[in-house]
Structures are given as structure tokens and as C-alpha cells.
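The next part holds the structures, each set out as C-alpha cells.
Next come two complexes, and both contain chain A; in the first it sits with chain B, in the second with chain C.
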Partner chain A sequence: MSVPLDDHVRRTTKAAWQELDGETVLLVSAEAKLLGLNAVAGRIWQLADGTRSLAAIAETLEREFAGGGSAVRDDALSFVDRLVARGLMERCNP
Partner chain B sequence: MSIETREALTGAARTIETIGVQIGSVRVLIDVDPPLAARLRKRYLEFVVPHPGADVSPRMRLTSLVHGGTHGSRALAFVPRLRLEVLDDDRIRVVGDCQASLDLSAGSGVLEAGDGFTGMDSLVRLSLSLLTPADGWILFHGAAVELASGGWALLLGRSGAGKSTAARAFVSYCDEMVLARPEGGGAEAASTPYWNGRPRRAPCRVVVCLERSEAPALTTLTGCEAIRSLSAHVVRYVPRDAADRTLFERLCAVAARVPVVLVRSASGDSYPTSLGHALESSGFAPRWNAAPRLQGGLS
Partner chain C sequence: MSVGPQFTRLAAYAEARSVPLSVTMEIALACNLRCVHCYNFDRELSRHPDPERGEEMSDAEIHRVIDEVRAERALFLAFTGGEPLSHPRVEEFIGHAAGLGMFVRLKSNGTLMTAKRVRGLHDAGLRAVDVSVYGASPERHDPFVRQPGAFARTIVGVRSARDAGLEVRLSFVVHSGNVEEVEAMAALARELAVPCNFDTHVTARHDRSRSSLDLSLDRAALEGLFRGPFAAVVSPIRGRRSSIACPCARSVCGIGSCGDVYPCIGAPLPAGNLKTKSFAEIWRHSPTLQWVRGLRAEDFSACSVCDHASYCRRTSGVMLNNTGSFTGPREFGDDLSCVEAEVVHGIADESIGMPGRAAVAP
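Now for the complex of A and B:
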């Protein structure tokens, strides 16, 4: 199920994360996995602090990664859906 | 220091010696029979604290109930088959070729049965892995080698990756396990007794992950790849979920402060030379071991 655009999203505590060499690195202890996020994914991760709606996050990405074309927005929404499904992000009330 | 005790059941006199061992910032006191004490002194050499007593505050006291010496036929390289049973947050049982228990909260461990030397050495290793994180250290499978420009390179790798060969070719301080931690704007490293280690600390200038490959290459690792490579070489006999995040943050802090490189080298006689050249090309020339060595034997 897709996250509605008006919903706010935030990172859960399931993953620890650090910025390293311009990359966002996630440790998902329960899965014993290290995940590396590229620049766009890392920016989504940073923005998902519960203060913004998914629509606001998508707009920010479209503005900051304008060179990525129209796919940036769709890719971002799809990425958030995947993280929510995986329990790394959650919908929340503002 | 030696004291005489009496067996509870037989009343027989038993002499116990206490050895103090310091590795990194961890101090361990070991109570054993004199024959075992002599072997452990040879094992830990300069890591033995000269005067265990009032001036030493141990983090762990290990006692051997195994007496009457050790199995003389067991070589230093004997690797015991051991299994760990985690009873709770503080208590761990060692079963297999040796039987022992460790209580972190009490700061004590007891070797109950099995080969005294390998059993006690295993308890010291286990203590090291459990106690050093509290002081910010990460325990790695690795060697510490000196750089020509000062400081150390840590060579991390699995068994057979070339750590020991490199440790013989370069000036080294240990070649099986090594400690590292973020310190100020850089990283600090400390040696361990394994193998033939000498107790030293030095700034860590670079961390080198070694792999065997027929296609030699040197790659600077960044971000997730650096952490993935470093974490593959962390020594953790008892994984603890609660410590995962701290370890992760520490690995990231080390990787943010010093370069992490992956060196792939082919095995063979030219390995130390090619590794030395690879390190030199990345700005971290190792100091070569100038001690004379014999190829082959005396005969």
C-alpha cells in the first residue's frame, strides 16, 4: 500500500545510521545488514524526520535533483514505500 | 606472587601463582599452578605486568582449577574446539575441549577442566573481546606494522590472507589480533600478545584489508564498503545486539578519520614485496624488517 502524499513520514529506530564519505550508511541490526544509500536516497532519509509530508519531501527532491528528470519524484515515492514496508520508515502525525 | 592453598576435599597443599597481564587498557589477573604460570609467562612475555598486587586493579580475575601442569604434548598452535553458551548478559559458559565460566559483573572467570594452557588462553581472549569495547576499542583480526613515516598500518584479513607473512616482512607488533579506536581527530591502535606481540600503542594511519587474488589491485574504500570490510574483521566471540550500534558508530568514526584500503595480492614469494609496493604507492610505505632471516633451515 502506497503512503498517501499528505502523510508525514519519519525514520524508525530499527536502523542506526551515520554519514560517511558523503554516503548514508544504515545498520539494520535485526537483519544483520549494512545498507549504503546513494545521494538521493540519503537525502530522503535525512528529510524523513517526521516534520514533512511525503509531498514536501518529493518537492524538495525535485528541486535539489532537478537534473534527474520527472523520475525523481516517482522513484522517491517508491523508495519510501519500500522503506515503510521494511519497517525502516513509518507514517506519523505532524 | 605465590601463595599456598589447600584442596577443600583432600587437604593437599597447592601452590598458586598470580600473573598480571595487561593488553590495551584491560588488566587480567591469572591464578594458576607454577608450571602453567611459567608457560603463560612465555606466552604473554612483555604483556605480563611486573608486580601484580596492590598497584594493579584488574578488570578480570581468572582462576584455574586445573592443576598438575598441562598436557605437555599440546603444541602452542593447538586450537581448542570450544563453544560458548551465553547464560545471560553477564555470564558465559565455555564448553568443549575446555570447560570454564566467565562472570562479567563479578569480574571473574574459572577454568574448571581441560587443558590448562589453552583453556586459560581462551579465557584471556574472551575477556579481551568482552572488556575492550568498554574503553572504546574495536578488536580486529589483524596485524600492526610500522610505517616508515611513523605510526602504524593495521593489516586486517581472514586466516591465510597474508597477515603473518607481512608481519614477518615488516616491523610488526602483533599479527593475529589488534585493537583500534577513534581518538581525537585520528585513530589509536594497540597491540595484543597474539602472536609474539610486543605491547605498544601508536597512531593508526591507515587500515588495510587484505585479500588473496590473482588480480592484484589497491582500492580505497569509502562509505558502506569501508564499514562492510572493517566489520568483516571484527573479533566478537559473543555477538550482542545492544553493542551493535556502538560498534557501528565506532567503525564509522575510525573510517572517517583514517583511510581504509583494500589490497588484493597474489600469494607467493613476491607477496611481501608487492604488498610493500602497493602500500608505498598509496603513501603508506611500511618499515621493512631488517633482522637477518634464514631461508629454510640450519642444516
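Now for the complex of A and C:
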């Protein structure tokens, strides 16, 4: 099920993370995986601190990655859905 | 947890740029056990014997330091002690660190890990725990930690942590009093379905007392281990000769309970104190840490010319505690690590048909 655009999302503690030289690295211990996120995915991860709705995150991405067109927004929504499904992000109240 | 080559690349990145990727922090020296070999201080005493020792960090200072190590890009944070679960606010510290995005681990004796406590720790964001065990039975373990019933509580703790979804690893210190139980200890880990690691290096204590070294293995015991249960690890360590230095002060850092910053938690070489300076200031500018970072293979005068270097598992922490020199030993044979390397090298040579070298000094 897709996360509604009005919902706020935040990172859970199931993944540790760090930004190193502009690249966000996720450590998903339960899956024994270390993931390097691309620029858009890394920005979504940073913005998902619970203070913004999914719509606000998508708008920020559209503004910051203007060259990507609507694909950026679609990719972002899909990415968040996948992280929520894996328990790495969660919906939350503002 | 093993994430293979990806982690190796991350560690290499951190070492090259002096990013404190992995920080170990003592949150208090208090402990509910009194292990005979404890490296903190001689637990025969009621308290740390150094009268000059400062106050331990307050809760507020620990929270500030958590923020500061994260700001310097720490990814892994281990809380240790003493027994970290003896600290009444440890759940808060874990929640704070995990909330900032760090992978939080405890180094614990496991006796306080009841099922209920472990669920709370997990919910706070704890992801892993290393549990120290000193034998495969209460008859061996309990006298060593000087508390009847400790073994049973530790094993309950291990099961609880494992069942709660924490990554659990048993840490066995192998010493003269339990060396014949190594296979039983490995079997215990298999029975508990958790990985384990063995450490053959007992060290002198941070209070500079040395009676813990009475527990050190001798050459015969090392021969028995590396011809027996440790035979699988008799192999050269790739690149060891050109990289004798540890990741100390490069990607690893230790913080003592009084706020002293060390190159690693096993190497109590004070580089500055967090009560008067920020972590960033100490980490970036401390002459001590810069000296450690600048060490080259040739600065380890005995090791750099040692015939057994490729088989040596020395750490600078062990050397500092046991020989008084971070770059020690000053001469081959000053520490048991030398003997171990010589033994392992000799066995490795035998396996490829070279003459034994157990009695040959480099």
C-alpha cells in the first residue's frame, strides 16, 4: 500500500546511516547490507525526519533536482514505499 | 555482522580520512562482577586506585559527547564499562545515539539482560551486544567473575538478546585457567546459535597493576591451541608487514568514563578530556592522536624487522598496557604476542614442509 502524500514519514532505527563525502550510506544490520544511496535517495533519507509530509519531500526534490522532471517525484514515492515496506521508514504524526 | 567487501571499503575510506567511524565509550566503571583479569582496574579493590582520577562523565556530558561524535561522522557507537547495563540511564543513551543514526552496540557481561530489559533495549535502538564469557560451565566461569550464579544469568541474557533480534556475539578471553575448555566454549556458542571470537591476549590493567598477566598463556598452551582448535586460523595476515599500525586514531576512537579521549578503548593514551574540550577539537588537533596517525611501519622498530610480522596479531593497546610503549615491543619477545606470532609462523611453515622455527629468534 502506498504512503499517502499527506502523511509524514521518518527514518526508523533499523538502519544506521552516515553521510560521507556527499554519499549517504545505510547499514541495514538485519539484512547484513551496507547500501550506498544515490543523490536523490540520499536526500529523501535526510528529509525523512518526521517533520515533513511526503508531499513536502516530493516538492523539495522536484525543486532541487529540477532536471529530473516528474520521474524524480515518481521515483521518490516509490522509494519511500519500499523503505516503509522494509521497516526502514515509518509513517508518523507531525 | 559482516557486510563483507562493502564494509572493508568503508573502513578504508574512514582510515584514509581520519573519520572516527567506530567509537567505544565507557559510560561508567561500575560493574556487578569482579573479573579476575579486568583491564579497568584490579577488582580486588573497592574502587579505582588512582587518587588523581577525575569524576566520571555526567549524564548530560555523555549526551553531549554522543552528539559530538556523531557530528564527526561516527557510524558505530559501542557503550562499555564496567558493565554498561549497571548505568541507570543507558537506555536513554542508546535511544539518543540510535536516533541520530548510529549503530549501537553494548559490551556486556550479560547478567542483567532479562527478557524484559532486552526488549526495552531493543526498542530504544540497540542493535548488537558482545557478551563476555570465561568458560563453558558455571564451575569455570563463576569463580573467575567472582559471583555465584553469574554463568546461568549470562546464558539467559544471551538467549534473551538473541530472541529479541539483537546481533549477539560471545567474547571469550582465553587464559591459563580456561584454555582446555576452548572447544567446549566453541560448542557453547554453537548451541546458543551465536558467533564467538577468542582473544588470547590478557593485558596489564589500565591502573598499571599487572597481576592479570599471571593468567597469560605460555608457549606450550599456544602450541596446543594453534595445532588444535585454532588450526584454521594459522595463516599469514595479508599486508601485515606494511601496515603494523592498528586503525587506532584513524577510524577508531575510545572514550574513558572520565572523558579522556584515547586512540582506542584498549589503548589508554590520553589525548584530551571532553570536560574541557569538544570531541572535534581533540580528534582533529590533539598532538597525541596526530602522532598516532603519523606512525609508519618503521616506527614499530622491533615489529618492522620481525620475521614473524605476517603472523602477528599485536595491537597497540596490548603493547601499551603490557610493555609501556604504544609502538612496542622494544625487542622481540617482550610480549606474549611475539611468542604467539612465532608459534603460528612455525606451525604454518611446517604445514608447507619448511623446517620448524619455533626456537629460532629473528
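Basically, the second predicted complex is superposed on the first by the 94 of 94 C-alpha atoms of A that agree within 3 Å, B and C clash if a C-alpha of one lies under 4 Å from a C-alpha of the other, contacts with A are read in each partner's own complex, and residues count from 1 in each chain.
Basically, a residue touches a chain if its C-beta (ideal position, glycine included) is under 8 Å from a C-beta of that chain, and two chains touch if they have at least 3 such contacts.
Just so we're clear, the structure is a prediction, and the values are computed from it rather than from any experiment.
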Please determine, from the superposition on chain A, whether chain B and chain C clash or fit. clash
Just chain B (first), just chain C (second), both, or neither: which does A:G67 touch? neither
Contact-wise, after the overlay, does A:R11 reach chain B, chain C, both or neither (first, second, both, neither)? second
Have a look at where A:G22 lands relative to chain B and chain C in the superposition and call it first, second, both or neither. first
Thinking of the overlay built on chain A, is A:P94 touched by chain B (first), by chain C (second), by both, or by neither? neither
After superposing on chain A, check 9-17, 45-53, 63-71 or 117-125 and name the one in chain C that bumps into chain B. 9-17
Per the definitions at the top, what is the overlap between the chain A residues touching chain B and those touching chain C? 16, 18, 20-21, 25, 27, 29, 34
Of all residues in chain A, which touch chain C in the complex? 11, 13, 16-21, 25, 27, 29-30, 32-34
Which residues of chain B touch chain A in their complex? 222-228, 231, 241, 244-245, 248-249, 252, 255-256
For chain C, which residues are in contact with chain A within the complex? 1-3, 6-7, 10, 13-14, 19, 21, 73-76, 98-99, 101-104, 125, 127-128, 165, 167
Interface residues, chain A side, partner chain B - complex: 16, 18, 20-23, 25, 27, 29, 34-36
